[in-house]
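Presented below are the structures under discussion, each in the form of structure tokens.
In what follows, chain A forms one complex with chain B and a second complex with chain C.
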Partner chain A sequence: MVELRELPPFRCTLLQASAEVAATLGHRLPAPLTATDAMLWLGPEEWLLLEDVVPPSGPASLVDVSDRYRALAVRGAGAPALLNEGCPLDLADAAFPTGHCARTVFGKAEVILWRPGADEWRILVARSFAPYLLALLHEALADLTAT
Partner chain B sequence: MTRLASGGRIDRTRPLHFSFDGRAYTGYAGDTLASALLANGVHLVGRSFKYHRPRGIFSAGVEEPNALVEIDRGPGQREPNVRATVVPLVEGLVARSQNRWPSLRFDLAAAAGLASSVLGAGFYYKTFLGPGRDAWHKRWEPLIRRMAGLGRAPEAPDPERYANRYAHAEVLVVGAGPAGIAAALRAAESGARVVLCDEQAEFGGSLLAEPDAWPQLAADIARLRANPLVTLLPRTTAFSYGLQNFVALAQVIEAANGLRERLWQLRAGRVVLATGALERPIPFSGNDRPGVMLADAARQYVLRWGVLPGRNIAALVAHDTGYAAAFALQDAGAAVAAVLEMRATAPAALLTEAVRRGIRVLPNHGIAGTRGGHRITGLLAAPRNGDGAPDASRATPVACDLLLMAGGWTPSVHLFSQARGRLVWDSALDAFLPGKAREAVTCAGACAGEGLTPGLPVTLLAAGSARAPKAFIDPQNDVTTRDIALAVREGFRSIEHVKRYTTNGMATDQGKTSNMLGLAVVAGELGRSVPEVGLTTFRAPYTPTSFGAFAGRHRGLLFDPVRTAPLHDWAVGQGALFEPVGQWQRARAFPQAGEDMLAAVARECLAVRNAVGIFDASTLGKIEVTGPDAALFLERCYVNAWQKLGIGRCRYGLLLREDGFIYDDGVVGRIAADRFHLTTTTGGAARVLHMLEDYRQTEFPELQVWLTSTTEHWGVIALQGPRARDVLTPLVEGLDWADFPHMAVAECRVAGVPARLFRVSFSGELGFEVNVPASQGPAVWQALLRSGTPHGITPYGTETMHVLRAEKGFIIVGQETDGTVTPDDAGLTWLIGKAKTDFIGKRSLVRPEMLRPDRRQLVGLVPRDRSTLPDEGAQLIASAASRVAEGHVTSAYRSATVGHPIALGLLAAGRARLGETIFATNLSGPATPMEVVAPCFVDPKGERLRG
Partner chain C sequence: MLLIHCPWCGDRAELEFRHCGEAHLVRPADPAALDDTQWAAYLAFRDNPRGWARERWRHVHGCGRFFNALRHTLTDRFAATYKPGEAWPEPPI
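Then we have the complex of A and B:
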């Protein structure tokens, strides 16, 4: 079974800085292609902070992007089958283990996908694409449940 | 009935009812439509494409060229050209024959011989290009249109759904015959993810016609099914093999909930192709009659489906497997009238067995002709001459109701070839086999030639057939050996040309049974070998694939993302008219009761000019530019000077490409020394970010600057009009109004929400743009509406926004510009920082072509009659009779403020031609005289926006 729901709004900040400067935040920096509870690695020298932060010491860019995204949760052992309806990545344990994080696409929408738990998945999608993504996911979910 | 009392894999306890051409029949679970029709004695199932010849069931699989029927599952679910041999029988199936009128048994076109006399090889080319072109339009085309074409396309929308699945596997096995199942079992043992697909509903391939193998087959499939790492996909065709083992599979599901098919886009570590081999038919006169069937297909009908397709059979044999088929039918109760062995002698062991069975074998024989209308009734057995042709003068008639053709085997190398693997001719096996691979792919089983034995070489199979009448090699496209020979005589040498000229192998079966025969005939006519003639290209899809599978869920509202801004729902509630702007849906106008759009726009425009309007500008692209070098970075990219822009001030920025032409524009506000709020056009948001990011990373890596898209973070509400400040003042906290002139920006609170407030104007009126977090947009909008009610606040849409800015002569990138407009052309030279040594595009601006005085320049245009609205895009010509375009109209609107239509245009040397008359072309009448004026119609001194 797969469960799909939208998560309530949350605060997030985009951080761009060298790893040395980012380290002054006091958080453990997630390795490339991974996420912690507090930070998602989005690219070289680029992280999404999920908690309020004080500015790091040193040159850095901090931009509040809390309203840029809407967040979805997908839960269940069948989640990869649902996500692979529109996401071309290999979501098997070996290729996308717990803690993994990736910028990818679902259908024609760009998304950030990460896996906080074995059967827990999160999707961030730009606000204006959310209705499209939700409609696509719900249609796919209905077919997944039926077949 | 020709159903056997026992045997086969059908379930005789589960009868299924179906209809064909309106007649009711019964089959069993496990049947295909073809096996069920044969079980009911139905051989005639269609009429051929060109000649409307009666056609029967030719094969038992995907290669079927003849038995193409229409399956009708209801409105929008009527599918033409379905091969009856691959349709699993289901209760209530409705099938119809195609290409016949008035009925399948009596087709008028065939009776009159309308087509066969004129539609020879190259007919279309000759008719199109020859002196008979008039005849084509007047006579032939109408006739052909009525006669030709297979099937009817459905008219109603398809109510079913099509899914998509991306998948990864260490091993993909295509084909679940013995080789494929063995490969899947081996791969699964290693702990790899394995996908095994097969086009048929049942796994087993050739084993499905080997009853002795069934217990082991069931055990093997059960083992695979029990392995969680193995995905079994029946009714799934691997139809396209792309780069890096990217294979597309079309899976037929037909679930009760309306899910019809699923497209799998699968990336495999290794692909095992176990696609088997297809039996070759044999060219001879009258080989297309119903009842002429591939020998192994007949054997499968007996052993897999318990159907005896003929009671008195004959066989034309060029390969040993033909005997197995004849023996199987005899074992099932058929009489064998004769086996015509095309080779000089039959293999001794098979001959002995045939003699033991009392079967007459005629060596070195061919067929000089067949008889029968809707089904074969007999043939002329004739000894073969030295050239291979049957000698009609020595022929003897043989009565039969089924004729088997055993022409040998062609390995199915389609997918291997699609994967750019080299095919090599194996002269011993007389077949093209997989050679050097370019992908991580292995071929196993018959498609690799394993287990195959040679029969009569295909050139000898076709020898002597090139002069025989009605010897079909591509029955679906009605191509005969004579057509091929004619093409060669007319000078075609390349097999690719012969294919296109004759259409051999170009039907929906893509030549699965006809390509090798076509090659053989060409080789014979040219006196070359088959590999010297070459091979036509194998292209995807391997078998016909529905458009639905490709479209997936991307139809209707999901065809493309529909992006909506934070105030979208409110606008819908107001009954707004919308227009697409890229993927965005934007409110175009807010007509009130009784208003059309023109009236609404006129009212909205006057409200902004005279009171105040409110507008959702959230779709504007927004980029936060941060870092100590942010100003320097902008300085290097945009034409403007940025370093001296004060904190809390804005500037209208212009971005060029390297070629000097305008790429994008937008207001940029300085929030802090190291922080800019940059806006782009709605359509340019993504490409500007990409361009700036490209320069940041590749050209200016030494700069400490970062870019963050905030387009979706900020909701933007524009307030424009002389009363705008009155609306805003009561809601704003933390702003020093005394230091907030035109082109200022400040962080403050609006309606209690943290905001970035811009004082900017795209209307020429006093204006503000309120940026608030997108989720707060609706609440702030409502607060502004309430505050604005006493001031006559009026929501307006994009059309009014366009009119207002055109009245001021403000350009829209993409409307006034088209990628060939310089800053000077647009009258924007004043934006360029005079002291700047460089910016993107600067050097291009001094090329001679860019400095020509006759470049097209932005001007205003007013109709001389003050009433005719020119078309946007209309060419500008010097006189009503001129044919020389000197520019074009870029924007044109009816202006309620000005009181007559206004337009903007690009006109050669336009700024020097103010006061002249120029003509705007008009598609529906004489050109419109226009007065050339300065491109500003309202408040040219700009006093209102500073008010």
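Then we have the complex of A and C:
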């Protein structure tokens, strides 16, 4: 069974800085391809911060992108099957274990996919793509649950 | 679908990537000293090999980084991908 719902707006900040400068924020930096509750690794020297931040000490780019993303939650053991309707990533436990995150595509939309729990998934998508993504996901959900 | 190995993210689907032309082009240090043919050669003229090609690729829907790849233009086989600045690998025979 898969549950799909939209999450309320949230604060997030895009940080681009060297690892030394990023470490001055006080959070533990997530390893590449993973996320912590406070930070998502998006690429080399690029993170998405989910908590309020103080400016780091050192050269850095810190941009409030709270209005850019809408968040969806997908819950349930069947979540990988639903997500693979539009996302080409290997979402098996061995390839995408709990705690992993990745910027990837779903259909024609660029999304950030995050797996905070074994059966918990988050999708962050640009606001303008949210209706498109929701329509795709609901259609895929209907296909999967059709008898 | 073709899997391409991003040096930072590992194997990812082809549609996350964008091809960005020939790799290892070096901008002339003093463009004003070149004649038109030499400048045009830098700006516009590219190899079009039938076989192994060194190319720039960008993981545009992933980590966003540019990297270089050694790809066979007939078979689409990627022999290697490597970070910018790293020495290019020799093509397999």
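In this section, the second predicted complex is superposed on the first by the 146 of 147 C-alpha atoms of A that agree within 3 Å, B and C clash if a C-alpha of one lies under 4 Å from a C-alpha of the other, contacts with A are read in each partner's own complex, and residues count from 1 in each chain.
The definition used in the following text is that a residue touches a chain if its C-beta (ideal position, glycine included) is under 8 Å from a C-beta of that chain, and two chains touch if they have at least 3 such contacts.
Please read all numbers here as calculations on a predicted model, not as lab measurements.
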**Item:** Touch count on chain A, higher of chain B and chain C
**Value:** B
**Message:** With both complexes superposed on chain A, which partner does A:Pro88 reach: first (chain B), second (chain C), both or neither?
**Reply:** both
**Message:** Which partner chains sit in contact with A:Val21 here, chain B, chain C, both or neither? Use first/second/both/neither.
**Reply:** neither
**Message:** I'd like to know which partner A:Leu33 touches here: chain B for first, chain C for second, both or neither.
**Reply:** second
**Message:** Quick one: is A:Gly107 in contact with chain B, with chain C, with both, or with neither? Answer first, second, both or neither.
**Reply:** first
**Message:** Contact-wise, after the overlay, does A:Arg127 reach chain B, chain C, both or neither (first, second, both, neither)?
**Reply:** first
**Message:** Once chain A of both complexes is superposed, is A:Gly43 in touch with chain B (first), chain C (second), both, or neither?
**Reply:** second
**Intersection of chain A interface sets (partners chain B, chain C)** = 88-89
**Complete:** Residue set of chain A touching chain C in the complex reads 32-33, 42-44, 46, 88-89, 102-105, 110
**Message:** Which residues of chain A touch chain B once you look at their complex with the stated criterion?
**Reply:** 9, 14, 16, 59, 61-69, 81, 84-90, 92, 95, 107-109, 126-129, 131-133, 135-136, 139-140, 142-143, 146-147
**Request:** In the complex, go through chain C and note every residue touching chain A.
**Result:** 1, 8-10, 12-13, 15-16, 59, 61-65
**Asked** Which bits of chain B are touching chain A when the two form their complex?
**Response** 161, 163-168, 193, 253, 255-257, 259, 265, 267, 553-554, 557-558, 560-566, 584, 624, 626-628, 704, 706, 708-715, 773-776
